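Alright, structures below, take your time with them.
Same chain, two partners: chain A is paired with chain B first, then with chain C.
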Partner chain A sequence: MKIEWQKAAVGRRKFLKGATALGAVSALPIGLGNRAMADDSSTLRVRSYGDMQSIDPAFSKGVIDEEIHASIYNKLIQYKPGREWDWQMDAASMIEQVDPTHIKFALRDDIGFTNGYGSMTAEDVKYSFERIISDETESPNKPDMGPLSHVEVTGEREGTIVLNEPFAPLWSIALPYITGSILSKKAWEAAGGKATADPLAESGPYLRDSWSPKERTVLKRNPDWKGDAPAWDTVEILPIDDENTAEIAFEAGELDFTRVSLGSVERFRVGVPNGGTLLEYPSLYYAWLGMNLDHPKLQNQKLRQAIQHAIDVPMIMEAAYFGAAEPSTGIIAPGLIGNRAQSLVPPAADFEKAAALLAESGETNVTLKLDTLNKTTFTTAAQVIQATLSQIGITVEVNVLESGAFWGSADNEDLQLVLNRYSMTPDPYYATSWFTSEQVGHWNWEQFSNEEFDQIHNSAYQESDPAKRAEMYQRAQDLMEETGAYRFLTHEATPVVHSAGVTPALRPDGQVLLRYFGKA
Partner chain B sequence: MVHYAVRRFGLALLILFVAVTVMFLMIRAVPGDPVQIMLGPRATPELQARLTAELALDQPIIKQLAIFYGNLLQGDLGIDVFSGRSVTSIVFQQLPHTLSLIFASIIWSATLGIALGAYAAAHPNTVIDRVTAAISVSFVAAPAFVVALLSLLIFAVHLQWFPAIGAGEGFWDRLDHLVLPSLAIGLSWVGYIARLVRASMLEVMGEPHIRTARAFGLSERRIVMIYALRIAILPVVTVIGVGMGFLLSSAVFAEIVFARPGLGKLVIDSITTRNYPVVMGSVLVSTGLFVVSTALADLINAWLDPRARAGH
Partner chain C sequence: MEKPRSELSLILRGVARDPLGLMGLIIVGTIIFCALFAVWLVPYDPIAMNIKDRLQGPSLNHLLGTDQLGRDTFSRVIMGGQVALKVALPAVFGAMAIGLTLGMIAGYGPKWLDNLLMLFFDTIRSFPTVMFALAVVALVGPSLETVVLVVMATSIPTYGRVARTQTLTLRNSEFILAERAMGASMTRILGVHMLPNIIGVLAVLAAMDIPTVIALEAGLSFLGLGVKPPTPSWGALLKDGYSLIRQTPWLVVGGGLPIILATLGFTFLGESLRDVVDPKLRKNR
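Moving on to the complex of A and B:
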C-alpha cells in the first residue's frame, strides 16, 4: 500500500501535536470574572414565544407577527394600553362612523414610508384593506375584514371605508389588529404584491433593523417618525419557546419583559428578582372539554350533562393552572361584549346531581376516550377529569397527542371527549365563528349544529347596540351549554414580569404593544 | 488510502440515502393534515389546494420521494412554507450555530477527558486514580438537562459569569455564549473519554515498546505523554466521530434550554408545524453531518494508524 501520509503537509505526528495544542488553548478561561448585568439603558429586550413567520399582514400568524407589524407599520387606529379594551388614533387624524356601513377617515400628514416610497395616502389604505379581501391574495386573515366592500378615496389623505353590512368587530379586530396595517401601495405593487422576510417599506415609530431567524428581531427607532417618540432606541425581540428558560434569562438580567409560567406566579408574587414587577392579566384564550355529539357513545344528553356536572373546574384550576387562572363561563372572556356572569352549570362539581343524571340516562359501564394536547397543563387537567368522572363510574382513557396530530382531529371519526383550547381576538364574533354549522368537519369538533346559534352568529356582528349584542352572544353560549357538549373551563391567564426600568404597555389580555413601552 | 476513502464515502452516501428516505416516509406517516396545520384554521380551500399541489402532497408517496430526490440533485431543497425563503439558506443560517456548539463541546470535553484519563492511567490503583474514576463516572451519570439548568442558575443567574440565552454577536461574544451550553452537553463526554483513555493507556503501558523506553531510562512523564498517549488516544478519534451524532441530539435540548438558534430547534419547530421542506432540509444536513463525521473519523483513524488501513 502506498503511504500517502508521508506526502502530506501535516503528518500524523504533527496532527496529534496540533490537536493537543488546540485543546490546550480551548481550555484557557474565556472570560471568568464577574459579568456585568446587561445595562444598556437604550435597549428593551422582550421575549416572544415564537419567531416571526411573515412580514405580510395578509399572512400574519397572529400575536407573534403582530408584535412586529404594529411597531413598523401604522394602522388607522391602535389598541390602547390598559385594563379595558379601547382604541386610540394612530395614522388617522379623524375617523368617524357616519352610518352603519360607512366610516370616514382622514390621515395624518406627517407619516411617510421608508425606501423613498413617499407619504402615506388614502390610496395606501385602500390598497392595504382591499388586498386583504381580494381572492387573489388568498389571505387567511380575510374573515377579520368581515363584510368590507371597498375603500373610497375622496382626497389625498381622506377616504371612506364602505361595508356591505354593519360590522361591529371593525373597531375591535379589523382596524386595530392584524388586517389594519397600512402598507405602501407603491412598494408592494413594485414587488408584485408579495414580500418574503424583509419589509418593503415601513412607516411606524420603529424600523426592523435585522432579523436573525430563531435568534432575535431587532427594531430601531425610525429617525423620520414625526409622532410621539418611542421611549426605547432599540427593541430586541427574542423568540424563547420555553417559559422556564425565559424566567431564568429574566433573573439573569438578560430580559426586560417576559410572560412567565402559571407555575411560577406564586413565586413571583412573593418577589420579583432585580426589583422587577409581576403583572397578572386575564387572557382571551378559552379552554373547554368538548363532547362529540355525533359519536354513538355520546348520543344521550343526560350522559353528557352528567359529565358536565362531574367535572370540577376549581380543582382543575388548582392542579393544572396552579390557582393562577379563574373558571370561565363560556367562550367569551370577561371584559368583552357577551361575557356571561355565570355559566348554566356551576364551576364546582355536583357529584350527586351527576350521578342522578347518569342514572336517568340509563347508561352503564361508560368508557370514554379523552384526547388532549401533550402539554403539562392539559395532561394534568385531563387526569383531574379522569379522576372526577370515575367518582360517578365513568371510565376515561386519556389519549395524549402531539400538536400536529391533535389539531388534525377534525378527521378523527372516533373523537369522543376532547380537551380543547382556542385563541381569540377581542371580539365575540371571532369566538362564535368556530361553532357554526359551517364549521362542522373543520373546527367545530363537537359537531354542534344549531339554527338559532347560526342565526345569532350571522346577525350579532351587525348589531351596533352593545347591550343587545351582549344578550345575543350570551344566548349563543347558553345554547352551546344546553346541549351538554361543552364544559367550559377557563380563559387562562397572562402573568408577565418586567424589570425595574421598564413601563410596559399592554393590551387588557397582557399582549405587548411595543411602540408604547416606556421607561420607568 | 484513496481507495479506502472512496469506499468509505460511498458507504456514507448510501447511509445518507437510507436515513433521509426513512425520515421522508416517517414524517409523512405522522397523523394530521399537514396543509391544514401549516396554514392554520383560517386558510381558504383554494390556498390549501394550491399548497397541496405545490408540495406534491396529492401525489403518491413514491412520486413525492422521486420529486424530492430530483430537486435535491439539482441543489434545490425547496421553499419554506411560511416565509417563502429558500430552505437551503434557512438551514445553512442555522448550521454554524449547531456546529460551533458541537465543536466547542468536543474540544473541551476531549481535552479534559484525555488529561484525566492519562493522569489516572499514569497512577493506576492509587487514590488519585480512584478519585478520577469517581469524577469521571459522576460526569457520565449527570443528566445533561440537570447540568444545563444548574449551570444556568449558578453561572448565569447567581454569579453572572456567563450569558444565559442566545448565541451572541461577534467572535468573543459567541464564544462566551457557548460556555454554558457546551458545558451542559459535553460534561458526560469528559467522563466517558477519561474512562476510555485510561483503559486504552493501561493497555498501551504494557506494550513492549513502553518497556523498551523504560529500559532506555526515559522519564515516566515522557513515556506517558509521548509514547503511550499518542497511541492510546486513537480510539478517542473514533468515539468522537460517533459522538457527533449524540451531540447533535443533545444540541436539540441545549438549543431549547439556552434559547439558541440551531438545527435542532429548527427541526423541532418544523416538525410541529409540518413544514415539510424545512424538515427534510434540516434532516438531510444533520444526517449528512453525522455520516460525514463518522466517515472522517474512520479516515483519520486509518491515517493515524496504518493497522486500521491494513484491516481494510
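Moving on to the complex of A and C:
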C-alpha cells in the first residue's frame, strides 16, 4: 500500500486555536482509574530516594549505598530491626569488649565470598577496617572509625580490634554501619584495592544481580548463604527522588515500600490504598534556626534570646511539617544517649518574654536576613519565623538559596540567621562533632566556640557508662542553647507505607534493613 | 464631516476585528486591570497567615482555596499578577528602549561601531538566559530587581538586532537621503524619521516577549529563586503547589492558570498586532 504524505492545512493561527482547545480539554478531571496492583510475590520493590553512588564502603555516600551494602556484604554486627536502637550478631559468632580499647571477635565459619574468593577470615576483617583508616585510601568515612588503631589477627577466624582510646560509638556507628562492611581481602587486593561499579566479591544474603543507573538495582538471593534465608527471592530498589511520584507509584501497586511525605501522613492515617499500612517512625535529622555569633548585628545575647523566645515551634510543625513531626529539644533525637527531655527555651513562643528581652537588649529597628534552602518545607518555616518575629518588631528578610549557594555558606561572613538541617547517625558523638571550635568556618556556621563544649565532645565518646555519657551530651546541648544562637526545631519524622504482603524491617529511625524484610 | 481616526485607534479596531486578537486584548486588559487595582480587588491580605485554615479547597470564602500557611490563594494570584507585570513590563520595555537606541546607532553609524555593537549583542546572546539568570541570582541573591535586570540584559540583543536591520533598510530610503541632503542631524533623522517606522515592529516583538519574561520569572520563582517570600508570585505558587499536589491541586491551578492565560493573551495580541501593523499580512488576510 502506498502512503501519500500531504501537507496538513494547519497554519499558525489554527494551531494556536487547536492547542488552546486541547489544553482546555486536558484540564478536565478525567479519572483514569488505578492500574492493577502487580502481583509478583517473590519480588520486593522498594523505593530509595537516590541511586547507588559507590559499591565501596570506604566511599559510601550514606543511607542509599548502605541499603545495598548491608544486603550484599556482612558486618560483625548489624542493626536490629525495631523501635529501640540495638544490634545483633551478623558475621560474628562472638564479640566482646574485653577492656575499653580491645574488642575480641570470632567469625562464623559458614560465610564465604562469591567469585571463588573462599571463606571469610579475620584477615578480611583486618583488611576492611584498616583500609578505611589508611591515609592511602583517603576514605571520607574514616572519622566513623574514630580512634581505631589496628586489628590483631589471633586465629583464622579470631581477632581483636584495638583502639587508641575508648570509643563508645564503635558499637553504634563504626561496626553496624557503613564502615563495618567486611570485604574479601583477596578480591580487593587482586583489583588493586579499588572497585568499579560492580562488587568484587559478595557474602551477604543477597547478591547484586544488576544495576541500571537511575533506573533500578536488582538484588537476588545468594544461593550459598547459610544463615537465615531472606524472605524475598528478588529485591528491586528503585531510585525515586520525588516523594509525590513515589506515593503515586505505591498507590498504583508499582512499589511495596516507600517513605512518604509528611504532608501525606494525615491522608494515609485515614487509610492506605491496596490494604497497605502506614508506619510512623521518628527521624534522627535535626533542624534548627542558627544565629551567627560573629555577625555585628547578633552580638547582643539578649537579642538572640528574644529571637529564641519569639519563634513558635509548634506553629512551624503545623505549617511546614503538617503536624507530623514533633518539636525537638536539641541536636540529639529521642532514643539516643544524650537526648534532653526538654529544652531550656520551651517550644511555644512567649512573646511577652521575647519583647521584654528585646527591650533589655536595647536594640531597636532590628532587621535581619534569614538564609534558607529553596525547599517548600524550609521556605514555609522561614515565613512562619518571619511572621512571628515581626510580632516583637524584628524584621526578617527571607533569603532563599539554591543548594550549591546554601551549602557554601560556611565562609559567608554576612550570614545572620540560617535555617539549617543536618543528617545524623545513631550516636551523639556524630551530632556534637559539627559544633566544636575546630568546625568554625566549616560546619559550625554559628561560629559557636566554647571550651567546655569542646572538652565534653572530646571526652564523652570515651565514656563507657551510658548514664554519665548522657549527662555530658545533655550539658553540651545546654551550652549551645544558653548562647542564644540556637533555636531547635525538630528531628522531623520518617513516615513509611508498605503493601499488605510485606513485613518491613526498619531501624528505629525508619531506615530499611532489606535483608530482614519478611512476607506477611 | 467625519473626524480622522488616530493610528492607535485604527490598530485597536484592527485587533478587535480579529477574534483571537480580541480574546488577547480582553485577557491582557483583564490582567493589567487586576494588577493595577490588585489592592482593592483582593478579598484578603495575601500575606496574612491563618494556619488552622491551611490547604482548604475552593469555597465562597476562598475562591481558589488556601495555601499551606492558610493564605487566600485567589488573593495571592491577583497580587502575583502585579509581580509578573512589575518584572515583565520594565524588563521588556527597558530592553526595547536600550536595544532600539543601540540598534539604530549600529545601523546608521560607522562600520566599526556597527561591528563593535554586534560583537556586544552576540556576546550577551551567547549566555543561555535561564543559566545566566540562575548564576546572577546565586551570586547576588534573589529579588525583583535582579530578575528585571537579568531579563533586560539578555533581551537587549533581540531588539537591537531588529532595530539595526530596520535601520539599515531605511537608511538609503529616498526620504532619509532627502533629509540628509537638507542637512538634518543624525539625532533628528533617527528620532523623527526612522523611529516611527521601527517602533511598530518592536512593539509587536515586545508583546510577544512579555509572556516569555513572565514564564522566566515564574520559572525562577518555581526554583525558589525569584521574588522573596512572602511576596506572592505565580511561580512560587506553582512551586508550593507542586510540593503539595497530593494534598491540594488548587495551588497548581492558581499558579498555572494565570501563566497559561497570560501567555495565550499576550501571544494572541502580539500575533494580531503584527497582522495589523504589517501591511503585507494585512493584504493576505
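Going forward, the second predicted complex is superposed on the first by the 484 of 520 C-alpha atoms of A that agree within 3 Å, B and C clash if a C-alpha of one lies under 4 Å from a C-alpha of the other, contacts with A are read in each partner's own complex, and residues count from 1 in each chain.
FYI, contacts are C-beta pairs under 8 Å (C-beta built on N, C-alpha and C of every residue); 3 or more make two chains touch, one makes a residue touch a chain.
Bear in mind the structure is a predicted one, so any value in this text is a computation, not a measurement.
With both structures placed on the common chain, the touch criterion links A:Arg267 to chain C but leaves chain B unconnected. Residue contacts after overlaying the shared chain place A:Gly404 against chain B and chain C alike. In the overlay built on the shared chain, the residue A:Thr379 is in contact with chain C alone; chain B does not reach it.
Once chain A of one complex is fitted onto chain A of the other, the partner contacts of A:Ala387 are limited to chain C, with no touch recorded for chain B.
In the superposition on chain A, contact is made by A:Glu318 with chain C only, not with chain B.
Residue by residue along chain A, chain B and chain C are tallied for touches, and B comes out ahead. Touching of chain A by both chain B and chain C, each in its own complex, is seen for residues 12-13, 16, 23, 244, 402, 404-405. The touching residues of chain A, when paired with chain C in their complex, are 12-13, 16-17, 20, 23, 244, 247, 261, 263-264, 267, 315, 318-320, 322, 373-377, 379-380, 382-384, 386-387, 397-402, 404-405.
On chain A, the positions that touch chain B within their shared complex are 1-5, 12-13, 15-16, 22-24, 26-27, 30-37, 51, 53-54, 59, 61, 135, 138, 140-143, 194, 196-197, 212-216, 238-242, 244-246, 248-249, 251-255, 402-408, 410-411, 434, 442-443.
Residue ranges on chain C touching chain A, taken from their complex, read 20, 49, 51, 54, 68-69, 134, 138, 141-142, 223-225, 228-230, 239-240, 242-247, 260, 264, 267-268, 271. Chain contact summary for the complex, chain B toward chain A: residues 1-2, 30-34, 36-37, 39-44, 46-47, 50, 82-85, 90, 93-94, 97, 104, 107-108, 110-112, 114, 149, 152-153, 156-157, 159-167, 172, 175-176, 179, 230, 233, 256-262, 265-266, 269, 271-274, 300, 303-304, 306, 309-310.
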